[in-house]
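Here come two complexes built around chain A, the first alongside chain B, the second alongside chain C.
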Partner chain A sequence: MSVDTGSALPPAISVAGLRRVYETKPQPVVALAGVDLEVRPGEFFGLLGPNGAGKTTLIKILTTLLLPTSGEARIFGFDVSTESNRIRRIMNMVAGGEQSGYGILTVREQLWMFTQFYGLEAREGWRRVDELIEAVGMGDQRLQRVSTLSTGQRQKMNMARGLLNDPWILFLDEPTLGLDVAAARGIRDLVLAWKAAVPGRTVLLTTHYMAEADELCERIAIVDHGRILAIGTPDELKKRVQRESIFRLEVDHLDGGAPSLARLPGVVSASLAADSDPEQQRVAVNLVLTEDAALGAVVSALGGLGSQILALRKSEPTLEDVFVELVGRGFSEETEPPVPVGAEA
Partner chain B sequence: MSAITSPGHGSGPASPVPAGLGQLDAGRFDPKRTEGAGLADTVRSLRTALLLGWRIESNWTDPTLFVIYTVAKPVASLLLLVVMIQIIGGSASDATRTFVILGSALWATVIAGIQGPAWSVLDDRERYRMLKYVAVSPSRLLVTLVGRGGARLAAGAMGTAVALLFSVIILGLRIDLGAVQWPYLLVVLVLGIVPVIAIGVVLAAICLQTRQESWSYPDALAGAMFLVTGVVFPLAVLPDPIEVLGLLNPITWWVDGVRRAIVPSGPSSIGGQGSLWTAVTGTSAPDGLQVIAALLLTGALVTLAATAIFRSSERRARDQGLLDRTTGS
Partner chain C sequence: MSAIPVDRARVDRSAVFAHSRGGTDPRTAARWTRRQVAANNMRALIGRAYPRVRGMVREPSWLFFEILLPFLTTSAFVFVYRALQAPEAYIGFVVLGGALSAFWLNVVWMMAGQLYWEKSQGNLELYFAAPMNLMAILLGMAIGGLVMSSLRAAAVLVISTLVYGVTFSVDQWLLVVVVFVLTLSALYGLGMMLASLFLLWGREAFHMTNVLIEPVYFVSGLNFPVGRLGALGALAIATLPFAVGLDAMRQLVFAGQPYITGTPSPELEALILLGMTIVFTLLARWTIHRIERIARHRGTLSIRWQ
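And now, the complex of A and B:
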């Protein structure tokens, strides 16, 4: 399959100088402090940041639920402030962490109702609903009342609702929030399968689960206090903090101990790991190298020492490391209070 | 705009794509898809909202309780008023009893129509958490709320019918079916539906903005309107400024028109001794055509105002981020 993103095709998302200020008391709060962002058609883009970072505010503006205070946001070239009716036909959204749904309707009825709101013919709507119910794996619950669904089932139904109009862009706001591991995996697999089925489909995901963003997103923007701190592929972002190569090496024995490796050229440091167990012929060493190429000297030296390599694994920095590097605090640490107007610089 | 093209599923990966994940259209980004089908979409949304409203109305508990609720509430209200009249008025005339019974029975429809759109906002936002999903669909929120209000009005009309039946069988209300002006009744009933729901839309616009205690607003407004629309007593007993408010309210003309159609010889709630109508026009009461004209005029004004107010409220709700804000009320 191929994607012809012809030159005239506008970006899936185009945001310039976007600001949103909530007029709260005792003083207004800046939720978005001048965001610039562009997402290409066909991208799986992630917004990663802690609670209160501004992710949900941005997604609300892009989904036409909220107006910006200033700046511009466009979806496939259409302005979110003045052309919301056009945008609503080609996008959809699913939020997590909520118990939404008309409890008195069956799954099938609720979905069909939305096909009508999206302008499908009645019969076409039923066909679409039945196909999607099968696609999300809710065949057994199709005639079940929404009020009787589990949290995971309800979120699957919401995903089906989000796909009813075959959106060109799908906004996912913390879609796996509050789900157990298996249900979250099911949602992620569904989104990936949907996106892979047709080139050009675009997804914007907000999450504060770093592993989820790492797994799903082609590019990620790290957001905090209403600003985008960095944008890039997960690898690009990690390389920002990876100045050295870190390996974990396991050998059957190591004559001379870790210092025998620390003296080698290109080795910054070598230290015995806490879980080493020489009596069981398993010695683990944490190696910090100036670059990956220095590993050759280490392997040669081990051969000379008669050590047999049991395992060798490169330690990758995580997106949390990136966040800590950018913000100076961890994801789960207490966030600073929201930024008051006038103090955002 | 150019296009994103796809060669289709046939040349794709080996694993088959579930039908639901495939494309609805030809796989191109066609700007025409953003335009919709205009009136056809509006009609479809209205029909769907009516259906949804009816399902919510008729399924809020089980059918037996629904019927009891539909019967019990209007009949209880009716009985309360009739007993009060008997106690206070003693030998109240048949005409007075008929006046009160008809007005009270009709009120079940009016109050349901007024509450419908407002409670739909509150239900969807606070209970079902679906308001934002309806709001971001191409269907206009105003259209869906009108549909939901229409469904509730239909449920209210059932209550009116039950209350009238009860009045005939139990309270001895005498309605000469041969004297009923059926065509006139039909015209007035139809003309009244729109302004009743329009007033509900105004309330819905208010509920979009308010955060707490919104559930009581429809009842509060309906209670106030009950006093100024000639439902149980003529406008002439009201102070002049309040009477003016009543005359500007389409519900006043609707209730009077329906009464006039069912009991052509009965008293009017609008004219009579001491009324503004009589003072200004010199006639004892408006005739049938005047009632329809006034209903049309006030109904059109209220409907236009309601549309403008709701649009303004919706815009403000988007500006303030109120469409998905649950208040816990």
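And now, the complex of A and C:
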């Protein structure tokens, strides 16, 4: 849960009617087509969407690297267009696949260089660098040249860079892009530990990894074609597509087959799963119930039929199901080109 | 600075992450005093100069490329002049030109293209997103390059002087120092301005680099007194810090040489250099802030893929 750092504090991120149009040829492209968003201080917020959805454009505007074409965006009440200097003092950002810095420097030297950009006194900078190098688990690479780091090590170093100025808001743009499972987990653990250490720290994460957003984020906005299609907690979003309760039931035998369950009150449908194997005394049934409470009638009926329950598992929808429901296509499917000006919905 | 030993067993990650230099809340943390802003800019300047100096120490191969090769180029002109039985003073002119060319080459090759290179590396957007003034980054680049070029210039000057027996005659030491400092200020002011322009123009600007080397060497009188070029030389002195700085230095360190004629006095040239320093630095400041606005408006400059 996010921590309330005081009712007087403005939203960590406040975006209203935000549009961004790139003046490209042959025709301008709308990257953001009117985004409204509010992120509370202390919240871990995710932007989930396929490539080209507008996530990076939004993050570039919030990090003061791009100006909006129209609309307004504020970070802790500071306008991104006119108060960029103040925002830059309290934020930092890390992007996946980032190759920033100078390969000739060691990890320690490179991080120290960045402390100077944030105004840390020289000795304090070295001390902070040494502490963070240990905290992100790069003690063995501290004197290694940046050019010789692996992708995972480099991203850990980038994370340390992002934390050098103790930002109040951290923007993470696909931070685990291209990392193996262990390295990605390491980055996620790191971010969670850092955020938990001080109440009020806010994280905005963009990702197209569903599981990552599900694991990390308190709230998620699903973005596509420059628009926010839905905002909510992962559970709220999943409930949008789960109107019935879905269970997978495994029993040793089932006299009368699946139809014997389909007739029960509260059961919408019951069908034999493809991997059922009655000869091995394992019959699997997919059950769709109007609500969880209807399961009681199913269990009683199975007792009456003399069936022994081997396993019972509730099927949860994934964020991908939510995305498919919202936009009518999967994440991995080819995305349509960005929306040209004039063709917006 | 040597590594501060860290007892790994005592590193408490949650304690490290709990560190907060940013005040009690983000609104307070975002408000800096003028002193904090100035300190931030000064530290950013040092921070940006750091990789240049560090790289120089770490990659000694530069000694070969940056000293031996320019020495050979200078030597070629020395041999030509000697073969032509030119006055011995010309050997001194060539040696001084060879030494000062280190700064011009650094400005054109390293400074001018630096921001473009930073963009392609992904550093530029981190600079834009950090709280310091971008002029601090430009000055840091300039100072880092200046340290490197000074070593090269000194090495070429000393080696060539010893090998070819050049004698200097200085009457106004203070003015020599003033002119030298002003020459570097004007040169690196121009370099800072070119860095922004090259970023704006992109790859096309690198064709400009070629234009800026040999023709500028010629009109600046790299290997001969620029006064010999007449009106062209006068135009160079009015516009190119390398030309005016080199001519003033020649007048001052080879005092009384009859071959340096047709150019303003070193005092006047010092004033020209001062004017150039002010103009180029102000233009650099204006240009980099203009570039930042363009970058944020178009989204085409700071972001690597655009």
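We adopt the following convention: the second predicted complex is superposed on the first by the 339 of 345 C-alpha atoms of A that agree within 3 Å, B and C clash if a C-alpha of one lies under 4 Å from a C-alpha of the other, contacts with A are read in each partner's own complex, and residues count from 1 in each chain.
The working rule: a residue touches a chain if its C-beta (ideal position, glycine included) is under 8 Å from a C-beta of that chain, and two chains touch if they have at least 3 such contacts.
Keep in mind that what you see is a predicted model, and the values were worked out from it rather than measured.
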item: Clash or fit, chain B versus chain C on superposed chain A; value: clash
item: Which superposed partner A:I169 touches (first chain B, second chain C, both, neither); value: second
item: First, second, both or neither for A:P199, with chain B first and chain C second; value: first
item: Contacts of A:L67 with chain B and chain C, given as first, second, both or neither; value: both
item: Partner chain(s) touched by A:G139 [first = chain B, second = chain C, both, neither]; value: second
item: First (chain B), second (chain C), both or neither touched by A:R19; value: neither
item: Which superposed partner A:A160 touches (first chain B, second chain C, both, neither); value: first
item: Partner chain in contact with A:G42 - chain B first, chain C second, else both or neither; value: first
item: Partner chain in contact with A:W126 - chain B first, chain C second, else both or neither; value: second
item: Partner chain(s) touched by A:R248 [first = chain B, second = chain C, both, neither]; value: neither
item: Shared contact residues on chain A - chain B and chain C; value: 5-6, 9-10, 22-23, 41, 60, 63-67, 76-78, 85-93, 95, 98-102, 104-105, 109, 113-114, 116-119, 128, 131-135, 163, 165-166, 168, 193-194, 196-198, 200
item: List of chain B residues in touch with chain A within their complex; value: 1-7, 9, 11-13, 17-25, 27, 29, 33-37, 40-41, 44-45, 47-48, 51-52, 55-56, 59-60, 128-130, 132-139, 144, 318-321, 323-324
item: Chain A - residues contacting chain B, complex; value: 1-10, 22-23, 41-42, 60, 63-67, 76-78, 85-93, 95, 98-105, 109, 113-114, 116-119, 128, 131-136, 160-161, 163, 165-166, 168, 193-194, 196-200
item: Chain A contact footprint on chain C (complex, rising order); value: 1, 3-4, 6, 8, 11, 13-14, 16-22, 25-27, 29-32, 36, 39-40, 43-44, 46-48, 50-51, 54-55, 58-59, 121-123, 125-132, 295-299, 302-303
item: Contacting residues of chain A [partner chain C, same complex]; value: 5-6, 9-10, 12, 20, 22-23, 41, 57, 60, 63-67, 76-78, 85-93, 95, 98-102, 104-105, 108-109, 112-122, 126-128, 130-135, 139, 142-143, 163, 165-169, 193-194, 196-198, 200
